[in-house]
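Two complexes follow with chain A in common, the first pairing it with chain B and the second with chain C.
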Partner chain A sequence: MDIFLLEAVLNGVMFGGLLALLALGLNLIFGVIDVVWICYAELVMCGMYTIYWLHAVYGVPFPLAAVAAILLVALLGVLLHRIIIEPILGSAPINQLLATGGLLFFLQSFATLLFTTDFRNVGIHLPSLELGDINLGYARILAFAVALVGAAALYLFLARTYLGTAIRAISQDREIMGLMGVDQRRIYLITSAIGGGLAGLAACLLVLQYDVHPFVGLSFGPITFMICVLGGLGNMIGGVIAAFIMAQIIAIGGYELSVEYSEVLAFLVFIVLIMVRPQGILGK
Partner chain B sequence: MNRSWIIAGVGLAALALVPFVASPYVLHIAVQILIFGVIYTAWSFMGRFGLTSIGHGAFLGIGAYTTALLWNLYGVTPWIGIPAGMALSVLLALVIGYPCFHLKIVGHYFALVTLALGQVIALLVIAARDVTGGSLGMTPTQVGESIFAFQFPNRTHFYFIALALWLLVLGVWYWVGYGMRRAALDAIGEDETAAAAAGIDVMREKLRITVISAAITSLGGSVLTQYLMYLNPETVAGVGISLQIVFAAIAGGMYSALGPTVGALLTLTLTESLRILFGTHFIGAANTIYGILLILFIVFLPRGIMGLIEQFSLFRGTREKESRLPL
Partner chain C sequence: MLEVTGLSADYGSFRALFEVSLGVEAGETVAVIGPNGAGKTTLMRVISGLLPPHSGTLAFEGRSLAGLEAHRIVEAGIAHVPENRRLFPRLTVEENLRMGAYMSSARARFVERRGWVYALFPRLEERRNQLAGTLSGGEQQMCAIARALMSEPRLLLLDEPSAGLAPLVVQQVFDLVRRIREEGFTVLIVEQNVRQVLELVDRAYLLEAGRIALGGTADELKRSDTVRRSYLGL
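Take a look at the complex of A and B:
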């Protein structure tokens, strides 16, 4: 096997972990609240800027900056739900998607206004792991590991805790759960906080590999939505599998063709798959 | 009925006078309002019946790039390039629309499929940078005032072209939106299964408005490019412009004929006045306010400005009727 192809595949696996983490938060929100946060990638951008300012500009240690970013984005998630989603929970789902789209515009342009369109680097350069001729950046390995741990933690939380059970229950039948004594509003706010927190966690990992700029969300936002739909919106395990499939298409396609064509390929695969299996790859 | 014809006549006369009284700058904005009015109206053909596309940039991009590339590379006149772009857009709309409607992909899912479609076209334009200039964009080869090249540096000429196009699209709007077809489409927007049970060919009706919408959007994209004489993947394809189309149409009011044009008027005026107010120092100020407005519109005024006006006049109308009722 071609050594460079192998490197591309391995990098694809690492990238898949990151995409899976991104998709998890979005999937949780969709499964529980039945809303698509089209501005999800822009929340990640907010987290990336937080780390950049705290760490690169004010010299706060990275772990502390990372925690601050996770908390801040979790708070943003709660505010997003409380201020924008809650008043229109009863209207057509597409309206909620479009309202968060308004927030996408706002966050992008507000970031441009505050920080200009400069590309900013957090200034941490982790070395590469060399396995023979293959180079694997530690930043990617770290992202992969943290993403897996995050996914496992979310799984355990949903499967084993009382709150997690309530969240899963409400995603199955939102009318009945009110009668069972579950405070729907509280569950929604907690879910939004977790969804936001996951976006914050993704931001901590992305900032180690990519520069921050106001439009950074556009480079991984759309692919995240495709992954959620492919996995079956609201289906966590399906989302993780879809993330690895898409990451491989992009990694191998990028190696064989070019970056843009590999993404075109990924979107075309999405369009075909959604028509073959609109319920997602793991859907019933 | 009579009164509304008079209002329409006066309005038209006023619009025809614009180029003779307005400054070149105002005229430049007016042309753009008309062309974007066409594009936003095209989106509303689908939007008002519940087919929310967030990838209309795809059709805009196909129209713009087909026309410009045919002209620059092969010297094909836009008079052929524009219909060619429209044909391609219609083909794409059919290829995507048919399976979507067949499999009953609606709501979120339909929106996300269109989002992917918009991304595909934008990425293709960037990837084919050898001919399209990639993200840097391209300019159609300029030959000065020429009917053959569809180039009219004279703004007054272009204003009347845009005005004619806009009136044509409004005509299509009335043609699509009246009689049994309107009722059928409304029924589909409300409840697809019930509409099908009532004997409506859901598939055919949906495909019809999708094709019309794609064709007009493509036409709008071509004409916009011929006017601005510059195109890049950010301004005529991709997520940004696609969302901008959705928002302007909603803000103006997608359920009424003039709504999307009001949306174009609102957004372009807002952008221009903020640009004058803040200059280029505050890049992003316009879109920041734009974003907040959009959230407010969707939360408080989902039927847009024209929806509000209509609601108000309807209310007044019923009151008049009520007062005429014999006691």
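Take a look at the complex of A and C:
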């Protein structure tokens, strides 16, 4: 096997983990609250700026800055739900889409106003792992490992705890949650915090690989949505599978063609797959 | 124990209950019978807080339930087994029971309650890891009742537990309700299966077109001309 192709595949696996983490957060929100946070990637951007400022500008140690970013984006998730989503929970999906879409532009413009359009780097350069001729960046390996741990933690939480069980149950029958003694509103707020926290976690990993700028969300927001739809919106396992498929297409396509064409290829594959299976890989 | 006074409620833009008053004493089993669309389910939904009443009062153990949301009413001690069972189909039997014990007071005693419920319904223990959606109709009804019992209610509301079940299974469900009654629970049951439910309960109310048409002991209702003619086919 071509050694560079193998490297591309391995990088694809690493990238897949990160995309899976992004898709998990978005799918969790959709599955529980039945709302699409179109501005999800912009929440990640907020997290990346938080780390940049805390670490690169104010010299806060990276792990501390990372925790702060996760907490801040979790709080943003709660505020987003409380201020924007809650008043329009019962309205048409298109209105909810427009509202969170509005927040997307607001966050982009606000970031431009505050931070200008400069590309900023957090200034941490992790070395690469060399396995023979294969080069794997530690930033990618770390991102993959942390994404995996994050996904496993989410799985255990959803499978083992009362709250997690309620979060899985709520989309199966919203109305009777109250009869179980569950306060639906509280579940929504907690889910929003977890979804935000996952976006914050993704920000910690992305900031090690990419510069942050106000439009950084555009480079992984659309693909995250594509993955969620491909996996079956709201289906977490489908999302993870789709993330790894898309990451491989981008990685191998990038190696065989070019990085630009690889995304074109990914979207092409998406269009074909969604025509064949409109409900997504594991959708109903 | 439960005191409903002058209760009116709407179903959409349509008035479903008109000044309904009824009471349930501790330890009693009381039925609300009546035809389809009489407002029986609406009554249950108002008591458990799923539907806010238009007017009238509800009191449980002397305490007003006015303005309480459904999850607070469960905490007060009323569990509602809704019409059509409404299990979480993609959760296992045991996860459904876990949901029934969601309140902090019930969580602390989950293992003990689960043991008690499994002793009452051994079939559920056999099927504990099966998805609830794959159970038979009768088993689903068992699971729905078991789930409600997990919250240690003092009053159990049963909405049409025999609906949609085969005649043999209907008999099993009524046996089940009889056992729950013997366990000392106070039960308010809504049924269309008038003949069988009147064999089971202490008292009953006849609800027609949103109004209480008749109320009395089970024997009195069995002897009443209205019930005999319209509901027992005698």
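Quick notes
Just so we're on the same page, the second predicted complex is superposed on the first by the 283 of 284 C-alpha atoms of A that agree within 3 Å, B and C clash if a C-alpha of one lies under 4 Å from a C-alpha of the other, contacts with A are read in each partner's own complex, and residues count from 1 in each chain.
Quick note on the criterion: a contact is a pair of C-beta atoms (placed from the backbone, for glycine too) under 8 Å apart; a residue touches a chain by one contact, two chains touch by 3 or more.
Model, not experiment: these values are computed from the prediction.
In the superposed three-chain model, the partner touching more residues of chain A is B, compared with the other of chain B and chain C.
Using the contact criterion defined above for the overlaid structures, shared-chain residue A:D183 touches chain C, although it does not reach chain B.
In the superposition on chain A, A:Q172 makes contact with chain C only, not with chain B.
Legend: residue contacts after superposition of the two complexes on their common chain; A:G47 is shown touching neither chain B nor chain C. Using the contact criterion defined above for the overlaid structures, shared-chain residue A:G150 touches neither chain B nor chain C, since it reaches no partner.
Once chain A of one complex is fitted onto chain A of the other, the partner contacts of A:V229 are limited to chain B, with no touch recorded for chain C. Within the superposed three-chain model, A:Y162 lies in touch with chain C and out of touch with chain B [touch as defined at top]. In the superposition on chain A, contact of A:G16 is made with neither chain B nor chain C.
Legend: residue contacts after superposition of the two complexes on their common chain; A:G238 is shown touching neither chain B nor chain C.
For chain A in complex with chain B, the residues that touch the partner chain are 36, 38, 84, 87-88, 91-95, 97-99, 101-113, 116-117, 214, 218, 221-222, 225-226, 229, 233, 258, 260-261, 263-264, 267-268, 270-271, 274-275, 278. Only residues 50, 52, 54, 96, 99-100, 103-105, 107-109, 111-113, 115-117, 119-120, 123-124, 126-127, 238-240, 243, 246-247, 250, 282-288, 290-295, 297-299, 302 of chain B touch chain A when the two sit together in their complex. On the chain A side of its complex with chain C, the touching residues are 162, 165-166, 168-169, 172-173, 175-184.
Partner chain A is touched in their complex by these residues of chain C: 48-50, 69-71, 74-75, 79-80, 82, 86, 88-91, 95, 98-103, 106-107, 147-148, 151.
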